[in-house]
Amino acid sequence: MLPQVLKTSDLGAWVEALMAESRVAAPVLKETNVSDPTDLKFGWQYVPDPADVRLDYTVTVLGPKKFLWPPRQKLVRYNLGAGAEPEAIIDHEPHVLLGVHPCDITAIATLDAAFAKDVPDPHYLARRSDTAIIGLDCGAPCDESSFCLDMGSLYPESGFDVMLTPLGDAYFVEVATQLGEALVEAAVVRPATKQDMEAHQAFAEEKRSDFHYKLPYELKYLPEILDASYDSLVWEAIARQCFSCGSCNIACPTCYCFDVYDEVEVDLSKGCRVRRYDSCQLDPFAEVAGGENFRQERASRLRHRMFRKGKYILEQTGRVGCVGCGRCERACVAGISIKDTYVQIAGSR
Amino acid sequence: MADKPTLAFFSLACCEGCQLQVLACEEKLLPILEKADIVRFREASDGDADHYDVTFVEGSIVTAHDLERIKEIRAKTDTLVALGACATIAGVNAVKNFQDPDDVAAYVYGDKKEWFPHIAARPLKAEVPVDVEIHGCPINSDEFLEVVTCLLMGKPYRQPNYPVCVDCKLAGNVCLWNKGIPCLGVVTRAGCAPLMCPSAGHKCIGCRGLVDNPNTQAAKDVMAEFGLTVDDVLREFRLFQGIYDEVAKEA
Amino acid sequence: MTEASKTLDIRVDYVTRIEGHGNIVAKVQDGELVECRMEITESPRFFEAMLRGRSWADAMFLTTRICGICACGHGTASLKATEDAMGFTRSEQTERLRRIVLAAEQLESHWLHCYFLVAPDFFGAPSVIPMAKTHTDVVLRAMRLKKLSHHICRVLVGRHTHPIGMVPGGYMKLPSVRTLKELRDHVASFDKDVQDTVDLFATFETPALERETEYESITHPQEYAFFDGRLMTSDGDEADSHAYRDIIHEEVVRHSTAKHVKNRRESLMVGALARFNNNHGQLNPEAKNAAERLGLAAPCTNPFHNNTAQIVETVHCYYDILLLLDSLIEAGIEDEKPPLEWPAGCAGTGVGIVEVPRGTLVHEYEYDEHGIVTGANLVIPTNQNLANIEADFRAYIPQVMEEGKREEEITHLLEMLVRAYDPCISCSAHLVKVEFK
Amino acid sequence: MTQTDIEKGAAAASPYVPKMARIVAADQMTETERFFRLEMEGEPLAYEPGQFVGVTVFGVGESPISICSSPTQGERIELTIRSVGLVTGALRTFEAGDRLGIRGPFGNGFDTGAMKGQDVLFVAGGLGLAPTRSLIRYVLDKREDFGKVTILAGAREPNLLLFREEIAEWVERSDADTLVTVNQPDKDWKGNVGVITRLFKQVEIDPARTCAVIVGPPVMFKFAVLEALAAGVPEHRIICSLERHMKCGVGKCGHCQIRGVYVCRDGPVFTYEQVKRLREGI
């Protein structure tokens, strides 16, 4: 399908049409800051009303990851007593993620790789394959914490079905897949004209000039720089401020570590095995029976996270482990920044 | 444990809100009533027994009489469960511990203060061995049910050992610190979700006590960056006592 | 009447609690009541002293912990006191939301009390637990209703016991209009349960006891007062909130860690019956209709009817909540922010008075210019009723002895009288032990 | 990942569903260790020595447990479980006839191919004997495939020694040297006394053709490795099995990760050369 144009005023009707077919998740306004009412806080939600969709959003605490991989997910159900008869719980229904920023599109690709690799995880993948992604291009960085340009997530080439580019009172609509074509059929669009193409081009140029590199080196050197920093005193210094609260991991769109536990109904008749997000920054994460904890020190845990994001995940999945969205820094009460850390280690040894 | 274990509920100095949280389990209590006998629960019925398999005690020890009672209760009990902040970390009762005890009594009862002797508020574990702790002011009904389920199955209950931040992020809340409000969630033991304060837009006030191994130094540093004085910080931490000890030590 | 029943020695351990536990002691010798008192043995908790040194922002956290049953009421009174001291004027929206929460707490408390603690008496059941099998529909309805009141608090202030989110000056997080609409629809669907409750309690027969006393409550020209109003008594006294001491005279008594209260007479009564007697004209039509069906008319001097008045109030509160929700939905939710700082240089005293399920509750705080509490006084409703309960016992014990009631009957009636006051849930469930000598 | 990878994975069977197994024998070996022999209810497990399974007690949870039998013994699998917590504690009451959930086998197992024709030195301390026993039995059952076989086993006290009867049989064998030691003897103990490293003096090691398999608690491991190195065994022929917190067994949950390596998938068997490079390994 050739590029189309959707008038901003027709967005609501499109969302409504999409909602008639399946659930639609999109950023909505969550609240305004108590101390500064102009400071708007957004969050991803299944949309209750098309009018709530806010494509002018900047950052969210959690990314759209939660729709693909719920924070708490039941894996297996079984009976207690004689016949356990364990069976997998794989629940999914078609849904649309509307307005996914480039960093999150990239992050989803990392999760796809992690969950499809070696032993595939149908609990994630079934939801994923039932997901349509409508991307939304960014013209300027969300805030100081973002460094998506550095992490190579600003220009995703795939991982979306449709890409929207905001052009003032309209969206430039590019279709990337067959599914995307079906989605756009539900919208009132018109083919893009030459002017639209030019406006789109202008957006791209402006985007190029609005984003700046923040790391003093190229991404491809990051694993090496991390390796060289393993014994650096930097980790100890940063970790002194770290609460080991796990907020950074929970907010991260590419983190996929989890804990597994069993839940039993009060009448003791049935149970299920559940997984929930876990965090490598928490004390007991690497502890084994006998009390041995292989990452007892805050500093070693913090280092592990920085390594995982900058090196291990890349080595494991072939996709970036950090997309530079800045969520961990925003979520961190101590103000620990992965971007600043990556800058700092370049000069440390 | 006998075929049908016996459960008992007691309260010492407290608001009895934790027992209300037990009642708030509503129909979910029914399967428990099938599996166990509640032999003592004054908020719902009367009756008593000589021995309890599991006893839930809410409230703090604040008088010599409370001290006697908890020892009696302990002697009749197999598994003692401390219910709520008052019982686990002394809760709000301990606020008075940081004032002159005589002045405290005089302020409320004037020249009749001698009629009402009291001792420093303390949690159950300060006087008797406690087997399971359910934190919170008030406790979370879901956690209560989980503990009872574990006890009925004979498996140990493991309390959450991570800070409130985790659940707060999972709920997608905007961090209160980002809104300029110092919140104790970073060092407070989780387990209150989904009814946690930050989800209602309010800072965590630390009612579940400290998580194991908290970085209180970082907490103080961060609070200082927010322009809070040591006094402010202590006051924040002091509301539910448990938290106070750690910070006071370092202050 | 046998000789034996001319002597009575009642000793009830752990009957009542204000902030906990209490005993009843009553002795009759040769037909004469020689001793009668209510001992409050609850461990003293010293909230007034503990408040000193706390900041304006968390006075409420401390005071909600006085009582898990009336936490929303204590919270509301506490916030009113602080706002009064700050010189803060609440918005209409904040007031409406607070009124809903306060009304939901009346529902929670009254329903819990009437269904779980009073009803078993009338069904001849020892407690609500066996009733789950014998009167399943009643128990299920009770649970549904209790859950409803919980749900309202949960939506608006996070939870019922120790509410969160309401702070001096407003709310940290406001519900959306959509949430309110959902809440309204949900609440509206309980109409039948509310009415069925009235019908159920209309079938119960209330014991006879007439003893006039002074009825105290707040009163408001426009409404059946819970949230706002001047203090008044049925003996004709009125006072502004700051002058509450003109009516409420507190006194420390040896046998009670809870202070006693009186005004013109030896005792006074607060709670549902007092409010009904003082303000019945302002009940909404549904509640007036309920009072009629229940046979309750003002002035009513039978303390047993406090339960009946509670049922009338549940009807009033239920329909009031619907109206309040409607008005909020209609007005839309304004994104108001509570103040985060104490007003510079502001120092002084604030008083907050509200009606909680068991009666008039007063919080009074004195603040310094940094918003730190320097002094506090709290008047708890059950304390106010204590002297009145003692007075009722003095009237009632000779009466039932006169009527030649049997041992178990007297026991049961005394129990019911204690329960009627609803001094707290735990005490009401406890049997009054009567020993005939 | 391509679209088809995602779609294929979406239709795949969940790796988290346990299969059912029946306990055919259970035996309390020591105060804390319990031995189980299991029979899978469906297809038997195909496994290698050194691999492990996830053992589920329904309603309680799952724990990773090494298979301590050898595939040469037949279709049944054997486990030795030390009771330390939730799941392992619940297993104390499990008897013959009870059913458990089993996932796996997981992990790489010992590289028996690479050991072929070599001398094998086993150094097993405490519970480390469980995973080691799997390989010992394998080697003894295929005795002609290997060179000299030496077994060093140690325990804190005599009554904590696992597989006592079996060790006695090994001691009897002429085609293997078996030495046992305890740290604290009781009055009936006739054998060696002292930490396991003391046994090294009593054995002859040809470093050019020896594989040293060392499994035990971290302290023991550290010193046994030093002994093996001192004897000239090269780092890549010192082999160990690591214990880590594990929740999935399939390289996803992240708990067992040591730097870039997932112990559940890339291990639990590693050479000392690898472990040393991991830094966080021991």
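By written order: A, B, C and D. Residues from 1 in each chain.
The rule is short, and it goes like this: contacts are C-beta pairs under 8 Å (C-beta built on N, C-alpha and C of every residue); 3 or more make two chains touch, one makes a residue touch a chain.
In this text the structure is predicted, and so the values were computed from the model without any measurement.
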{"item": "Any chain in contact with subunit B as well as subunit C", "value": "A"}
{"item": "A-C or A-D, whichever has more C-beta pairs in contact", "value": "A-D"}
{"item": "Chain at the geometric heart of the assembly (C-alpha centres)", "value": "B"}
{"item": "Approximate Å spacing (C-alpha centroids) for the pair subunit A, subunit C", "value": "50"}
{"item": "Subunit A-subunit D separation of Cα centroids, rounded to whole Å", "value": "39"}
{"item": "Mean-CA-position distance for subunit B and subunit A (Å)", "value": "36"}
{"item": "Centre-to-centre distance between subunit D and subunit B (centres being mean Cα positions), rounded to whole Å", "value": "43"}
{"item": "Interface hub residues of subunit A, defined as touching at least two other chains", "value": "31, 34-35, 264, 268"}
{"item": "Interface hub residues of subunit D, defined as touching at least two other chains", "value": "59-60, 85"}
{"item": "Where subunit B touches two or more other chains at once, by residue number", "value": "153, 180-181, 201"}
{"item": "Category of the chain touch graph - line, ring, star, complete, other", "value": "other"}
{"item": "Full enumeration of touching chain pairs", "value": "A-B, A-C, A-D, B-C, B-D"}
{"item": "Contacting residues of subunit A [partner subunit D, same complex]", "value": "75-76, 78-80, 84, 86-88, 90, 109, 112-123, 125-126, 128-130, 230, 256-262, 264, 268, 271, 273, 275, 278, 280, 285-290, 292, 294-295, 300, 304, 307-308, 311-312, 315-316"}
{"item": "Contacting residues of subunit C [partner subunit A, same complex]", "value": "172-173, 178, 335, 337-338, 340"}
{"item": "Partner subunit D, residues of subunit B touching it in the complex", "value": "153, 155-156, 158"}
{"item": "Of all residues in subunit A, those that touch subunit C in their complex", "value": "31-32, 34-35, 37, 48-49"}
{"item": "Residue ranges of subunit D in contact with subunit A within the complex", "value": "1, 5-18, 20, 56, 58-62, 82, 84-85, 88, 99, 101, 217-218, 243-245, 247-248, 250-255, 257-260, 265, 279-280"}
